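So, here come the structures, one by one.
Below, chain A partners chain B and then partners chain C, in two separate complexes.
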Partner chain A sequence: MKLTLSAFLGRIAFSALAALIGAAFALPLLWFLFAPFNARAELGLAVPDPWTLANFVTVFGNNFAVRALWNSLIQSVGGVILVGAAATLAAYALSRSALPGKRAVTYILLLFSSVVSGSAAMVPIFLIVSAAGLMDTHLAVILTFAGGLLPTAMFILRDFIDSIPKSYEESAMVAGASPVQAFFDVALPVIRPGIVVVVVWSFVNIWGSFLIPFILLRSDTNMPASVAIYSFYSEAGTPIVTLLAAYSLIYSLPVIALYLFVSWKFGFRFFGGIKA
Partner chain B sequence: MASVEFRNVTKTFGSFNAVSDVSFSIGDGEFVCLLGPSGCGKTTSLRMIAGLETPTAGQVLIGGDDVTHYHPKDRQISMVFQDYALYPHMNLADNIAYPLKVRGKSVTERHGRAREVADVLKIGHLLDRLPSQISGGQQQRTSLARALVYPSQVYLFDEPLSNLDAKLRLEARGFLNHLQRDMGMTAVYVTHDQAEAMALATRIAVMDQGQIVQYASPIEIYRRPATTFVANFVGNPPMNLVPVDAVHGDGQLQLSAIGITLDGLTMSSAISAALGGGKTLTLGVRPEHLAIAEPGAPNTISGQLFANENMGPESLVTIERPDGSRVTARIFTDDHIALNDAVTLGFSREHVHLFDGVGNRIPADGE
Partner chain C sequence: MTTTQIETKPKRKVRNFALLSNKAGAAFLTPAGLLVSVFVIVPFFWVIFVSFTNRTLLGKTALNPEFVGLANYFTLFDPSNFLQRGQFGFSLILTTQFVLASALFGQALLGLLLAWLIQTVPPWVKRITETFVIAAWILPEVVIGFAWFAFLDRDQGTLNAMLTSVGLPKGDFLLEQPFWVIVVFNTWRGAAFSMMLFGSAFSSIPPSYFQAADVAGASSWQKFRDIGLPLIRGHIVTDLILITMWTFNTFTPFLLTNGGPSYRTELVSIYNYRVAFNDFQFGKGAAVGVIMMLINLAFALVYLSLGRKKKG
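On to the complex of A and B.
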């Protein structure tokens, strides 16, 4: 096929535009990769000269920052375990049992979940947590997130379990298994890919959130990393770019690692169900 | 092995009556097929024996014990599912041995027994594979092996061959027949394939709309179908059913329909009773009992040639009668080759089935 001149120029223009848009998205990412290794990093993009780990040394020398990463881990893992376990059991019951009105229950919960973890409910949540005497504890953060994430997690998992034939558990029970045995031996391994989706999704949600821990936690020793990033500001309120960059990179590593691990172990074939 | 009994069992789903007031019993060592079209209640009946559904009313007995409200695990039964229900995360050995695992047997005993059964079913070399790594026929045998690995009172089959291709299905059917002869197991087998039911069953329960229409041996169902529904469901191609007007006088019955000649039938008390309700009867003749005949001869049906299908050992000759209804004959000779246009099919008197106005069989003389 022969290109006319105008079509040729049109293609060049299109490619140039696409490259420009691509660069607009790539530049912040490049900054994010370069700045942590640059001892004189600023907000402008610069290739580090020389490459150095000095910023990381400073971060790890900061007790508060390290402690915050640990707090993030406690709150995320705690929330994930609670959400994962409760959502699996609830979704299984909702999918397999013949409860009247079970669809309505799921949809109403789903509707309210966006309110619970949203900023609109912050005052009542604050009051409830305060009345329960849980202010400034990891448990307060974990419970609040569990309440907010559970309905969506249940919804995702119920859909997944619905797509799995009942005959798996039925054959196990006919073969002599109790319902509990059938669940753990047969159903749970089959729905594991669905549980992994929920685990990754809730981990990312809790790990990255700022508002809830910021409001429910008081003392420095309980703050998670998302809140701790604020400590890398000078007294005058200007960011200390070098530390901020290094800390941001460390902060995002667990999420990246989790995605890589899941994709390696389960190969992101979510929502596909199981081929019999 | 044990007997199974249904006592006035009813199962409703919302306003839908899946099974209505069904009673029947299956003797120890019998192989009973529940046969019928989809939605007739056969699978629901099977699931009530398994305990996967609870009857709305009535009782289910296994070995004389009322198990109506027993959990499936407490019924000592085996079941082969239509989709095989093999556990995708376990290899074949663990799949087959799962019933032994829940019975608390040791790993050595489990795997030893799994190997024995797998060898009988010729899947012994596949025990390390996952279900996704074997063929459909092998999956079917694996699910059968899992059902046979432990002693059961009753073996339940839910259309176990329907996902196999035609050749494998015949092979598996022959094997199941052999197994039944070998073990003398009590089995309940659900199918919509009349050939499978005929080949395997010691008795067939033909079901329609939640009820058992006829419960008898395969040969009885073939020779003396209780209703036009059974006549139409069993046999391939199904029985030809033609509506005829009945006129009686002088102790003789005359049946008249355009294109049909029939020697006068003796007017039995059963026929006169059936005629009390009206004058229209249904005449039935199986395709294999029809042969090419001379036009105008007694006991014949004539019409225009509609289709002439050569099947190898036989051919299927279909004619269209003046009223548009069709009659099919299985012709086992070479007579069909010369056919064109007008065709007359003959039958002998003992192969005639008569049904009354609502489709119930009118017993012939001596039945």
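On to the complex of A and C.
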């Protein structure tokens, strides 16, 4: 009896500790649950009185703010399409072909992708983009992210394809399909869950990024939301809190939606280096 | 696609059987290969080249940089001011302390604790705790930066409101303790990764091990120390290397402190940004980039050699 009592108390203590840590993690975010709906929001935590959508109306009435969200979308979707398509093809080749030296290629890519981080390579990336004449274009951001995210995306997908039995495509080829047909008609539908993971992962990475667009873009018309958000400051340099709060919430929504989607569909399992 | 179709003749590839012929394989690899070459591999070599020049963003040397040998490196490692605030040495030491405190100590220990706690608590506690820990990790960095700016505000911030309500004095933490602010900030931001990695490692341990320990009357701490910890040792090493590399390269604290006040939170990534894009000294910035990449390379080689051992 004594043992079970102490075990019971232990479980309560564990739950209390876990809940306490959870609360500590929630604290800095609580402000975001209230401030966007408060027309007089300040930096302090306050329950809106009354609750209102006025801040959102202001954001959507601001052309620059809407434009920036649109730019984020262009850059993220563009990057995701490139990463998804190129990584799928490459991962399939790494998994299913007998190319000589593919192990060495894999190793070198893995090595470079972890060595060349955005913050270490900002100077050469800036110089390459400006030498290519792509400075201040969506394409610059899209290509830079595609290159940077591809190695990891390829490895996630290669592992995924490796785990699929070759017999799927083999039987298609016995039935007369060419290898390329076997890839598009047989392998691709089976790989799709892996592609979804890679696509979601790249989207979240590009959508949330700050440094690369901050360096590569100059004009207001190309700024993504992550950079544009810093223009919501008054001339005195103090933040316009109501706008910022509502805008931050809108800007976070796609990420939250994708997270919910992935955890609903796949149970947010753990995929190696899910974040670059 | 039609050309590759004609070129591939799988029937003749009996000896070296693969689903995809070498030609088709090479074609499949080309788009990714090009992108990675231009934006990952070329920058690696270009940064080394630029670091030997006096290239600037503006002015005469922007177009016609001169070769200056190791001059940029000598400036970075100039012993007369190496450790002064705003200099490279100060930044490097600051970053080392930041990695030790926020990644190796903060994220890893908190992640380990959370992963262990979450296994035994009721599902609803687990779900709520996980939700907030993961939210801190996945939300966009600028949003997180602003949330913390509001949270720490001297006059109205939630933290100071809480301190006042229990009778403690207010503090202007971003000015008074900037280093510890970014340490706590980064711990908070990144603990989710370690939690999930350790969580999946713990759940791969056969439950019978713990049941046997329960029968023997082991406490949770004993189970953790004698069963959990030894069995996930490999995962711990992986986790430590990855979070070290990410924390070393992170730029996110810039969004909270701008590297200030007076360079007190200027990590090497932020130092690199300031030298290259505020002072416009690309050559010197490139030299910082080279040193960062060499440090990354050391960690990456250790990481990859561990992965090889596991497979081999």
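Annotations for the structure displayed:
One rule holds for everything that comes next: the second predicted complex is superposed on the first by the 234 of 276 C-alpha atoms of A that agree within 3 Å, B and C clash if a C-alpha of one lies under 4 Å from a C-alpha of the other, contacts with A are read in each partner's own complex, and residues count from 1 in each chain.
Here, a residue touches a chain if its C-beta (ideal position, glycine included) is under 8 Å from a C-beta of that chain, and two chains touch if they have at least 3 such contacts.
A quick note: this is a predicted structure, and the numbers were derived from the prediction, not measured.
After overlaying the two complexes on the shared chain, residue contacts for A:203 are found with neither chain B nor chain C.
Look at A:160: by the touch rule set out above, it reaches neither chain B nor chain C. Of the two partner chains placed by superposition, only chain C is touched by A:17; chain B is not. In the superposed pair of complexes, A:37 makes contact with neither chain B nor chain C. Legend: residue contacts after superposition of the two complexes on their common chain; A:119 is shown touching chain C, with no touch to chain B.
In the superposed model, A:190 lies in contact with chain B only, and not with chain C. Set side by side, chain B and chain C differ in how many residues of chain A they touch, and the one touching more is C. Looking at the shared chain after the overlay, A:173 reaches both chain B and chain C.
The contact surfaces that chain B and chain C form on chain A in the two complexes overlap at residues 170, 173, 178-179, 181, 275. Those residues of chain B that touch chain A in the shared complex are 50-52, 71-73, 75, 77-79, 81-89, 98-99, 101-103, 131-132, 143, 146, 150, 156.
Across the complex, chain A meets chain B through its residues 165, 167-168, 170-179, 181, 185-186, 189-190, 274-276.
By the touch criterion stated above, chain A contacts chain C in their complex at residues 3, 10-11, 14-15, 17-19, 21-32, 35, 42-45, 82, 85-87, 89-90, 92-94, 96-100, 102, 105, 107, 109-128, 143-144, 146-148, 150-151, 154, 166, 169-170, 173, 178-183, 204, 207-211, 215, 226, 229-230, 239, 241, 244, 248, 251-252, 255-256, 259, 268-270, 273, 275. For chain C in complex with chain A, the touching residues are 1, 4-5, 8, 10, 16-22, 24-26, 28-29, 31-33, 35-36, 38-44, 46-47, 50, 110, 113-114, 117-118, 120-122, 125-126, 128-144, 146-151, 153, 155-159, 161, 188, 191, 193, 196-197, 199-200, 217, 219-220, 242, 245-246, 249-252, 255, 269, 272-273, 276-277, 282, 285-286, 289, 292-293, 296-297, 299-301, 303-304.
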